[in-house]
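You will see chain A twice below: alongside chain B first, and alongside chain C after that.
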Partner chain A sequence: MRRLLPVVTALAAGLARALAIVAVAFFLCRVMPGDVVDVLGLEGGLTDAQQAELRAALGLDRPVIAQFVDWGAQALGGDFGRSVRFDRPVAEMLVHAAPVTLELALGSFGVGIGLAFGLAIAATSLRSRVLDAVIDALNVWSIAVPTFCAGVVGIIVFSLWLGWLPVIGSLVLPILIIGLDNAGQIVKLVREDLAEAVMLPHVRTARAKGLSPWRIALVHVLPVAAPIALVLSGLVLSGLVAGTLTMEILFGLPGIGSLMLNAVHGRDLPVVLAAVTVVAVALVAINTLVDALHRLIDPRVTR
Partner chain B sequence: MTATTELRDAPIDAAGHRAPSAAASDRTPGDPRAVPVLEVHDLGIRTGGRDLVAGVTFSIGAGRTLALIGQSGSGKSMTAAAIMGLLPPDVTVSAETRIELDGRRLPHADDGAMRAFRGTALAMVFQDPMSCLNPFMTVGAQIEEALWRRGVVDPVVRRERSLALMAAVELPTPESLRRRLPHELSGGQQQRIMLAMALAAEPRLLIADEPTSALDASVQAEILALLARLQARFGMAILFITHDLAAARRLGHEIMVMRHGRVVDFGAPRTIFTTPRHPHTRALVAVREMLERPPAPRRSAGTPVLEIAGVGFDYPPRRFLDRPSPALREVSLTLTAGRSLGVIGESGSGKSTLAAIVAGLKTPISGDVRLFGTSLAAHRFALPRALRRRVQIVFQNPHGALNPRHTIATAMREPLDLLHIGPRRARPERVAEALGWVGLDPDLRLRHPHALSGGQRQRVAIARALLSEPDLLVCDEVVSALDATVGAEILDLLRRLQAERGFALMFVGHDLEVVRWIADEIAVLADGRLVEHGPADRVLVAPASVAARRLVEAGRRADQPSDPAK
Partner chain C sequence: MSPAGTMASGGGRRMAPGTAAALVVVGAIVLGAVAAPWLTDLSPLDQDLGGLNRGPSAEHLLGTDVLGRDILARLLWGARTTLMVGTLGTLLAFALGAGVGLAAIVFGRLTETLWFAVIDLVRALPATLLGVLLIVALGSGMAPVVIALGLSYAPLVALVVRTAHAREAARDYVAAAASFGGGRLHVLVHHILPNLAGTLVTQAAIVLPRCIVTESVLSFLGLGSSPDEPTWGRMIADASRFIEKAPHAILAPIVALVVLTTALSILGGRLRRALDPTRAAVAPAEPSAAILAGEGALS
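== the complex of A and B ==
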């Protein structure tokens, strides 16, 4: 129970944070000069009376706070309103876009974490200089090569020259590019953390107990590295928001990122708002989960 | 390996006592005809072409203890690591080395083959039990893991066996302790868990590498006594590594002295103490004799230098909403000019906090400290400049107390410049002179701290404190981090300087013998309260408080040559 209480408070704090982000996004959308009716008015030549009527119908003449409460209540029920440009329910558009982004994000997260930990564990247990050089190279790669550059070069090489992959719609290249980038960001930290962990006195005790190298690695070394692994995973996941957006646009993938960008161009505010909300809630959920897991994994954090 | 099988199969009764098996009682401990459990021949350990250990040869019989004594860097821990096959990767054992266990040669170069012996015939306990236990596993699970390694597959049997082992190391309420994590146990309990884990292996040889050095004095004595009892019951050979001659004498059937990676002396405890052959052994014994015969206390006279009245201190809360934890409560003490006050207590008793308050480094929440008649409370516990030069403090870790980027001369000039002592031009000369007071070559002042030994650095710290000609010197555990012989030299130096200069000394320590040697009067702190204060002889001969009695008894037990060889 003593361990669970901080988890509950962390969850509550996370919810408050998500609410704050959504509220700021909502008010920013309203503060921008000109609303949907103005755009439609310019496009369709509505009279002032018609515009006022439309505003009343959409509820845009009411106080901003009341609008936010209404919108929030509907959003909680899964109703994000209708897209002004496409005249479709926003929720439906989200449902179509989310799987693409989710696939891209989870795929590259898996590649990144797997590559980073695989390399770091191998380099630590084999004490290999070659692997350490590979780790350094990967790290420099992630610092020096922006993902969109790698993406453009990848399209030229694999799609245009070699013809192995289609130019648009393939997930393979974007997943590999973001995965490599993520792995490069964290692999050195993981390697250093493991190198320190194997020198700890309790790992020496485990060796003195005559345990097998596998058991020592899994039971006595990895739990020490788990908190940092968790923190780094959280970092990588948060970074994926920007990463997937670039890749979706570059490779023409119809995910949340593309949806958001197109909606911003078209002043399709309900869609912008819904996309921002989804991303914000996902981010906060990830951070809260990481924090809660951290407390559960390391019994010393709460005391 | 028959003997270990017997031990495993011997029934354990409810209290965890093993019924003596016939075969085990056949083998009288120390029977000279028997093959020794461990035989080490011509052990050599080197790294990067440098010899760390060379030509070390010894053997230990079943039920016998060899105490391996040496100061830091003597190669004693390396010797243990070599036997276990746990040397660091860049350190190798020489080709001539032969290590035999029960007459069979150990494959010490082959880590995979050595693993078969670790956790079965060989077991080891280390110095700092807190960091040597896995912080993420309950202590019960860690003992059970060792049993699992030993082939106890049935979880129910494993559970029972682990509880029996916890009872064997005399832990109270094993059933509830089993579910705790290491940080929820005291240092003594943690070390008992380490011992239970080692016993789970049913080892032929138990290596104990400084098993009590990280523990409080009273706990140290308990663990040493427990080790002797466990050996009497389970009959394993023990290699007991220590820097403490008193502990070696208490536990060892034989004592082996190492220095610079070589064996310099070997023999029964009595021989080592009465007729030490090597000069190094003589120095070690001399330290013991010096500590056992403290000089006569000085007469109480003169004006009070330090008056502590009802001082209290709280550690700040670690987190918001936590309550502050009390470190000191209602402590009152006085110290007169030229005398020395020893402040003693176990870790966490508040003794270092008291030293910091006297030196003006911490602000108490209640009470007052009067230095030379001046109330510090009236100055909000910021020492006025006039007082600052009259009170100086020296800390435990001389390495941390000296800025590694500054030469000794720069570091020592600092207080002179800050306190405006003496004419600016005379200051370098004065620094050189001060190094002479503490028996150092004045040329050392051009060096950096890392080029000095621990003892030299502590001398520098003392010389720096003496530069302002203080009337009160506060010493916080100043010899705890030093080897015994070096520490004894520092004690001797302090006493000599005090006789020459007549400053009052407040000496904080955890080692009863050390404090007794330097102090005229002793104050005992326990849980932040002053539980005893009086002349050193009186406190030691007839301690009135429970806490003081515990400390004194622990010291006495560790002292007496129990001579287990009989």
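== the complex of A and C ==
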């Protein structure tokens, strides 16, 4: 029970955070000058009376708090209203777009984590200077080369010069680019952490006892390195948002990012709000889970 | 003594070639941005309809894009916007993270808890989502981008400053200053702040390149400045629709951006090593400290 209390606290804090973010998103979407009716009015030449009628039909003339409560109740049931532009249920559009984004995100998460931990483990156990140089290079790459720049260069090289893949619409290049970027962001931390973990007194004792390297790695080093692996995984997952968004736009992938941006440009607020809500809540959920798990497996966090 | 040894001692007379090159690059880009009106008499917006999508020539040193706009002029004028927005975003992040953060800490327990709850909330939203929301709320233009950058990076600054402040506040000199009757504000400004300067400068060197990249991402996504204000991100976005027809138009801003961020991060790393030698030691139980210290996520 002692151990579970911090976990429960973390979950409660996550819930509060998600609620607060959704509320902020909702109100930000409402304060903007000019709503979708104005845009449609400009485009379709609606009269003032027609605009007022449309606003009443959409509920845009009611107090904001009331709008938020209604919207929240419906959103909890999976109903995000209708797209004002396409006159389709927003939830349907999200469900349609989600697989692309999920594939992109999970694929690059796998590549990133696999590459980072693979390289760090190899560099630590082989004590390879070459691998450490590769790790440094990857780190500099992720700091200096934004993913969308790498994407453009990738398109030029692989599609225009080499003529390899049908680049637009394909997930291969975006997954590799975001994966490399993710790996570069965390690989140095993993490497430093492992380097410290293998120097810990109990690991040296294990080595002095003549245990096999595998046993040392699995039984003595892994438990020490697991928390950081967890935290870094959470970090990579939160960092995926910007990467997937730009890649979706650049490679013409019809995911949630494309949906959201098109909606921003078209002032299709129900869609913007739903997309932001879904992404933000997913992130908070991930981070809360990471936090809770971290507290569970690493008693040092809560002290 | 090895060259590395000279570097580590901080005040070495000779600079490593990498640092010197990075300084020259950053200096040149800043100078180019400031002197844009005098360096080129071509407008970044005027279209040369007789010379659409041309390679480099005497008239257009870097050629023209598909709309016939001079790429060099757009790069130079774009550097102005990119650098200005990035700098303003960094300043705002420091005002909110370090300024308001320290004030809240000094003022009392309640304000500290409240302000850091806000920071915690903002931290949960990625810069791009914040950008989307702010641009929806405030309309497009430079202000929402600066606010989005400032808000996105304020948590990074705030948490690092809070940790550094807690470290300093526990030291004897603070207790001594307080026992001499120094008020909390006096102790903060005259005793603690000078000892935080290194951390703050280091943090600025980390945040600035990130603000520049995030600004480029936002304007690449069409969330940044208006079309008649060229930025590097917007140039990349515009040209990405014509990659096949005009690869030179997209490579120019990409090279510029990558060169600038590389140079800035080299300088940042150098500054960090010179000013903050303690940073290297991070307990394994606190990976977040290392992340916050600036190794982690960028775009």
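Everything below uses one rule, namely that the second predicted complex is superposed on the first by the 289 of 303 C-alpha atoms of A that agree within 3 Å, B and C clash if a C-alpha of one lies under 4 Å from a C-alpha of the other, contacts with A are read in each partner's own complex, and residues count from 1 in each chain.
In this section, contacts are C-beta pairs under 8 Å (C-beta built on N, C-alpha and C of every residue); 3 or more make two chains touch, one makes a residue touch a chain.
This is a predicted model, so every value here is computed, not measured.
Judged by the touch definition given at the top, the superposed model places A:T147 against chain C, while chain B stays out of reach.
Of the two partner chains placed by superposition, only chain C is touched by A:L235; chain B is not. In the superposition on chain A, A:T246 makes contact with chain C only, while chain B stays out of contact range. Once the two complexes are overlaid on the shared chain, A:I155 sits against chain C while remaining clear of chain B. In the superposed model, A:R204 makes contact with chain B only, not with chain C. When the shared chain is aligned, chain C comes close enough to touch A:V276, but chain B does not. In the superposed model, more residues of chain A are touched by C than by the other of chain B and chain C. When the two complexes are overlaid on their common chain A, residue A:V31 makes contact with chain C while staying clear of chain B.
By the touch criterion defined above, A:R127 lies against chain B but remains apart from chain C after alignment on the C-alpha atoms of chain A. Overlap of the chain B and chain C interfaces on chain A comprises residues 224, 298, 300. Note for the complex: chain A touches chain C at residues 17, 20-21, 24-25, 28-29, 31-34, 139-140, 142-149, 152-153, 155-156, 160, 181, 185-186, 188-189, 192-193, 196-197, 224-225, 227-228, 231-232, 235-236, 238-239, 241-243, 245-246, 249-250, 260-261, 264-265, 267, 269, 272, 276, 279-280, 283-284, 287, 298, 300-301. Those residues of chain A whose C-beta lies close enough to touch chain B in the complex are 127, 200-202, 204-212, 219-220, 223-224, 298-300, 303. Looking at the complex, you find that chain B touches chain A at residues 84, 86, 89, 115-120, 122-124, 126, 128, 131-137, 145-146, 149, 181, 183, 194, 197, 201.
Of all residues in chain C, those touching chain A in their complex are 120-121, 124-129, 132-139, 209, 213-214, 216-217, 220-223, 236, 240, 243-244, 247, 250-251, 254, 257-258, 261-262, 265, 282, 284-285, 287-288, 290-291, 295-299.
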